[in-house]
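What follows is a structure written as structure tokens; I'll ask about it next.
Which chain is which? They are A, B, C and D, in the order written, and residues in each are numbered from 1.
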Amino acid sequence: MNAQDILAMVINGLSSGLTLMLVALGLTLVFGILHIINLAHGELYMLGAYCVWWLSELMGFNYWFAIVLAMILIAFLGVLMERYLFRRFRAIMVPSLVVSIGLMLFLQSSILLGTGMGDKEIEPVFHGQVTFLGTSLSLGRVIIGAVATVLVIAVILFLKYARPGQAIRAVAQDAEASSLQGISMNSVSRLTMIIGSALAAAAGGLLGPVFHLDYMMGFPVLLKALLAIVLGGMGSVVGGVILGSLVIGLVHSFATTLIGPEIAEIILFLIIAFILLIRPSGFFGMELRT
Amino acid sequence: MTNPMLELVGLRKNFGGLMAVDELDLVVRSGEILGLIGPNGAGKTTVYNLISGIYKPASGKIIFQGENITGLRPDQVANRGVIRTFQIASLFKELSVLDNMLVAFHLQSRAGFWRSMLNSNYSRHEEKRFRKRALEILDFMGIGSLKHEHTINLPHGHQVTLGLAIALAANPRMLLLDEPLTGMNPEEVNTMVSRVKQINQEQGITIIVVEHNMRAVMELCHRIAVINFGKKIAEGVPDHIRQNHAVIEAYLGES
Amino acid sequence: MKKFGLTLMVLAVSLALMTVVPFAMAKEKPVKYLKIGCNYGLTGVVAPACIASKRSLELEVERINKKGGIVVGGQRYHIKLLFEDNGYTSEGSVAAATKLIDRENVKFIFNIGTPGLAQTSVTEPAKVLSFLSSSADQALLNKKYSIRVYPLVQMNDIALLEYISKNIPEVKRVCLLFKNDSSGILNSQILPKLCAHYGMEFIGDELYSLTETDFYPLLARMLPRKPDLIVTDVGTGAALMAKQAIEKGYKGFFMGTTLGADIAWNKIGDKVPDGRFLGPVVDPGSKAAPREIREMTKRYEEKYGKGAPLDIAYLYHNYLMLVVQAVKKAGTVDDTDKIRDVMVKNTWDLPWGKTRFVGKEVWGVDGQGIMPVFVSAWIGSKKKIKLLKVIPAEDVYPTFLKLFGKK
Amino acid sequence: MNKNNRIKSLLLLVFTIIGFLFPVIRNDPYTLSLLLIIFVFIVAAVGFRLIYITGRLTIGQAAFMGVGAYTSALLSLNFGINPWLGLLIGGIAAGILALGIGYIVLRVGGVYFVIITLCLAEISKLFWLWWRPVTYGNSGLIDVPGFSIASFQFGINKIPYYYLSLIIMLVALFVMYRMERSRIGIALHALGQNDVLAEHLGINRTRYRVLAFTTASFFCGVVGSFYAHYIHFVHPDQFGVMPSIMIQIYGIAGGIGVFFGPIVGSFVVAGLTEFLKIAKEFQPLIYGPLLVIIMLFLPKGLIGLPQMFFKSSKK
């Protein structure tokens, strides 16, 4: 084990952690405002990828334009979901779990049946490799990492300085007090859903060319994103999620390289469970019932 | 009347840099009603949380009837007969009033796991006894007619009363009441004060009260301890406290 | 708000009716039917393969029935496929098999995927012929009524390694990077022995989970051991792995050992240099493919548009053709003992090639159909699959028996 | 109140009798095979609810079914242990595991517990996949022996399996019902609604939650073991996240607030799933929205349906 191997592991871990961040960030924002676990969030990621595939491969749009368009479309879908499904289940965890599962099954199946059985792929825009500190990785990943970072920073700035963003933070911290101050709960939750869905769609569109398109691609990502946000503190604002995603990426990378892929996943889950156990009170305590 | 029921010795608790309770010594005598007062944020609730086991003290000892109960879990403290109520009426919201009471009889149940699982004679008999006793207590508290109501539907005053009834049902030797008069109209306050007195006299239960309604405290308590910034600044009979400089200063300084 | 909910409900109900009514209204015609049950995971993890297989089988049956069906023992039969969804669960598989046998009295059941194996607990005692498609080594063990005409991982490995050892002598160090399904497990058991047989060095195996997409960490583990050949499958996951291996600087060869979507190879596009990825597949639309498979592909694409069915769909035409030919020859459609006897004692001309049954030495029963192995290579620069060699089963089976037969 | 109870017990009796007579009235192996699996999931779903009433929502109960199934299947395959004994050992193994895990994880509450149990389901599946020398990973355990009484093999006949699963379910339901109705149940409910107050009334929250968790998991282990010997096949996919989510759907869609909710939920949702299978691959397109609709109109679950009609007719 030399320094270069360790560096390779770090880079691999960061590269997967950065992309996880986009999904996890949206999920945690939605949780922070609506107080529901949206198990269909992974499907927004999946839909984003398919949307980009549809726009760029079938309709012939430019890849980047397709991503932006997909973000808008999926955000619109998110608004519909929020308006007609999630809003009325705000902070009612139990039925909303089933609702999101129903949604998940529906979305998965409609994509499978709607797009045909064959494999789909989005033609990569970037070719070639970059060698970075002795570790080679595809140019595509570097770009994705950069775009993801830019998006996350944009969201952070938005939450920090823009008025609607500040409203989101206020509601996440104390919904009651915020509504007393005249912040509209509905518009905040709509905005949150827009951001969350658009981020998930962006993640899907970005990763589409690098990985593959699969109608079930959402759930594994959702699982990891859930882990990332509980690590960072459920519903907590950005910092925790970024940290959580990177930790997941790094743990997965180190454990896979050092011990092996299957056991690495077990170790990943065990570590998360362990961290949750020693620091349960460190996170925001959420009451299960309404 | 003179032997100590509860002793706090050099109790300290800090949250980070903030010293919530600082070297607090306090003796509660058996059979008395002790008022614990102080301005907002003086550390009264922290003292309750320390006694009842929610927090572990940084240092110091809590001795109940000669036994060191420092650092025990809340259920263990309750097991020894120290029962508290909560500031905001804390109930089992989706259970009926009677079921709320039955939870409190948990400690007195002698039917073990198997006997209650098998619905044995003993456990059925026991449950009957508990129900009877629960109704007695509810009647005593004047809410006997509400036994089948869901607690969520009760008005605030009744909720507070039920909170006290639940505490009573747990067969306490000592009660810690946390602002039992909040949100009550003068009439309700009077009823409550007389009930607490009755509980103290008839059942011989030692009581500590944290309360902001000074008039009621003066009327109710045998002795009063005043704390501010986690430190005891005065202790004595109500008349004595009323004229204490430090106390007046603490309250004036606050307002 | 209420109104929206109502509309939604009405919509859903009408949707349900639209789907359900046609099924309910389809009445039976007064013709004799040869019923074939398909215990498929139409929902769940293997849904794409199962749906593709369903569609292409339906097309084929339609064609046969249009030509007047088949004649068995003087009686004309139409073929009727009965699809049952098992949701890719074991209990679903048992329930579906029970339904097919008990309600529909079928004598032949096809299934896809490992949890489907659970159906053999029902089919064996009922003497119903069960056509399996799992690589699990014990799937056939002492099961008299279970049939597998599914390319054996061992046979593929032998054919491919033999080809490599003869034609690509620079391959010396072999490793296994495979998804952790039953073929992966089997490969990790047999490869060390096989490599030794062909004078190669086996330097390690890692099985990854089916949903893995990011292989950089795994490659960082394996590539420093300097393999010349990475054994894997030819599915989408493996294509991703190959692509990422090359991004990570791997210069050697890949060998796929199972069937998969030919289109998955497109994932590696021009990443893998020509001829460096070999596999036991055949491009179903190309001239190299057997005539029947080529025609099926054409028909499928005419009806369902782009996105050719997976290789696995074609495998089921083997089963369909096998059943059709065997019942004709046996002269009965319900005496499964006789049909099975005829089946395993003859050589059949199936879409995948000449097939005969073997396996007594390994599983106690002759339930395994063996067929030719297609050795193909991916020509990245042209984005197509090139057939290198067709190796007859007879050339591979002796080695298989020598290495893996029970003594 | 009392009358209500009497009607309930009468209904219960009727359903039990129907349950016992069903195979006599209608010996249809397919229906029986569906019913006996529904019974299995009823036990898991009611167990899910038993944990829920203590204020902990779990999405990991299938993991304990897996423990029961693998323990019993491996013992019978490798050491020839009788499946009857396996039922008990499977249950105990799951129970012991739940006891150990419960003491650690039940301290965590709210959404964290949901996610920890989700992890648990995933870990258990990954574990069975990984421990290949024993579990054969993704190939699954094939030819797990079935039950027999003396020389009578249950074999392909569904009737004995049906009765066995019915009896297991009734025993499990009885125990969990008794538990909820006894003073233990009151303590469990109290914890679910206000665990701070409950603790101050002397209820040890960890101990009681572990009790509920262990009991539910014990029965999950038993039915898991039954499942293994009935299907004769054990595969990791059967005990991962998705089956756990299914158990949870049965519980919530039926009505988590009431003991009989998960039972109704299992029957209706599983029946619905099976009915919708006539739609073949289009099934999720109907099933998914149906779940959404059920929850939109009946957030308290299907058990609230009669109540809703009752109320509207009253008006």
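We adopt the following convention: contacts are C-beta pairs under 8 Å (C-beta built on N, C-alpha and C of every residue); 3 or more make two chains touch, one makes a residue touch a chain.
Since the structure is predicted, the reported quantities are computational estimates derived from the model, not experimental observations.
Visitor: By CA centroids, point me to the most central chain in this structure.
Guide: If one averages C-alpha positions chain by chain, the most central is D.
Visitor: Could you give the separation in Å between the centres of chain B and chain C, each centre being the mean of its C-alpha atoms?
Guide: A distance of 72 Å separates the two centres.
Visitor: Take the average of all CA coordinates in chain A, do the same for chain D, and state the distance between these two points in whole angstrom.
Guide: Measuring from centre to centre gives 32 Å for this pair.
Visitor: Could you please state the distance in Å, as a whole number, between where the Cα atoms of chain A are centred and where those of chain C are centred?
Guide: Result: the chain centres lie 35 Å from each other.
Visitor: Mark out which residues of chain B touch at least two other chains, giving numbers and ranges.
Guide: In chain B, no residue touches at least two other chains, as defined above.
Visitor: At least two partner chains per residue is the criterion; list those residues in chain A.
Guide: Residue numbers touching two or more other chains: 88, 109, 112-113, 219, 262, 265.
Visitor: Can you pull out the residues of chain D that are in contact with at least two other chains?
Guide: Within chain D, the residues that touch at least two other chains are 126, 129-130, 193, 281-285, 289-290, 296.
Visitor: Following the definition at the start, I'd like every touching pair of chains, please.
Guide: Pairwise, the chains that meet the contact rule are A-C, A-D, B-D, C-D.
Visitor: Give every residue of chain D touching chain A within the complex, in rising order.
Guide: 55-57, 104-105, 107-116, 118-120, 122-123, 126-127, 129-130, 192-193, 241, 245, 248-249, 252-253, 256, 281-285, 287-292, 294-296, 299
Visitor: What residues on chain A touch chain D, complex-wise?
Guide: Going by the criterion above, the answer is residues 31, 37, 39, 85, 88-89, 92-99, 101-110, 112-113, 219, 223, 226-227, 230, 234, 262-263, 265-266, 269-270, 272-273, 276-277, 280, 283, 285-289.
Visitor: Which residues of chain D touch chain B in their complex?
Guide: 1, 175, 178-179, 181-184, 186-187, 189-190, 193-194, 196-205
Visitor: Please give the residue numbers of chain B that touch chain D in the complex, ascending.
Guide: Residues of chain B touching chain D: 52, 54, 73-75, 77-79, 83-84, 86, 90-95, 99, 102-107, 109, 111, 113, 116-119, 123, 127, 148, 166, 170.
Visitor: Going by the contact rule set out above, which residues of chain C touch chain A in the complex?
Guide: Those residues of chain C that touch chain A are 1, 4, 8, 43, 45, 47-49, 51-52, 55, 180, 206-209, 211-214, 216-218, 220-221, 224, 236, 239-240, 244, 247-249, 261, 263-264, 266-267, 304-310.
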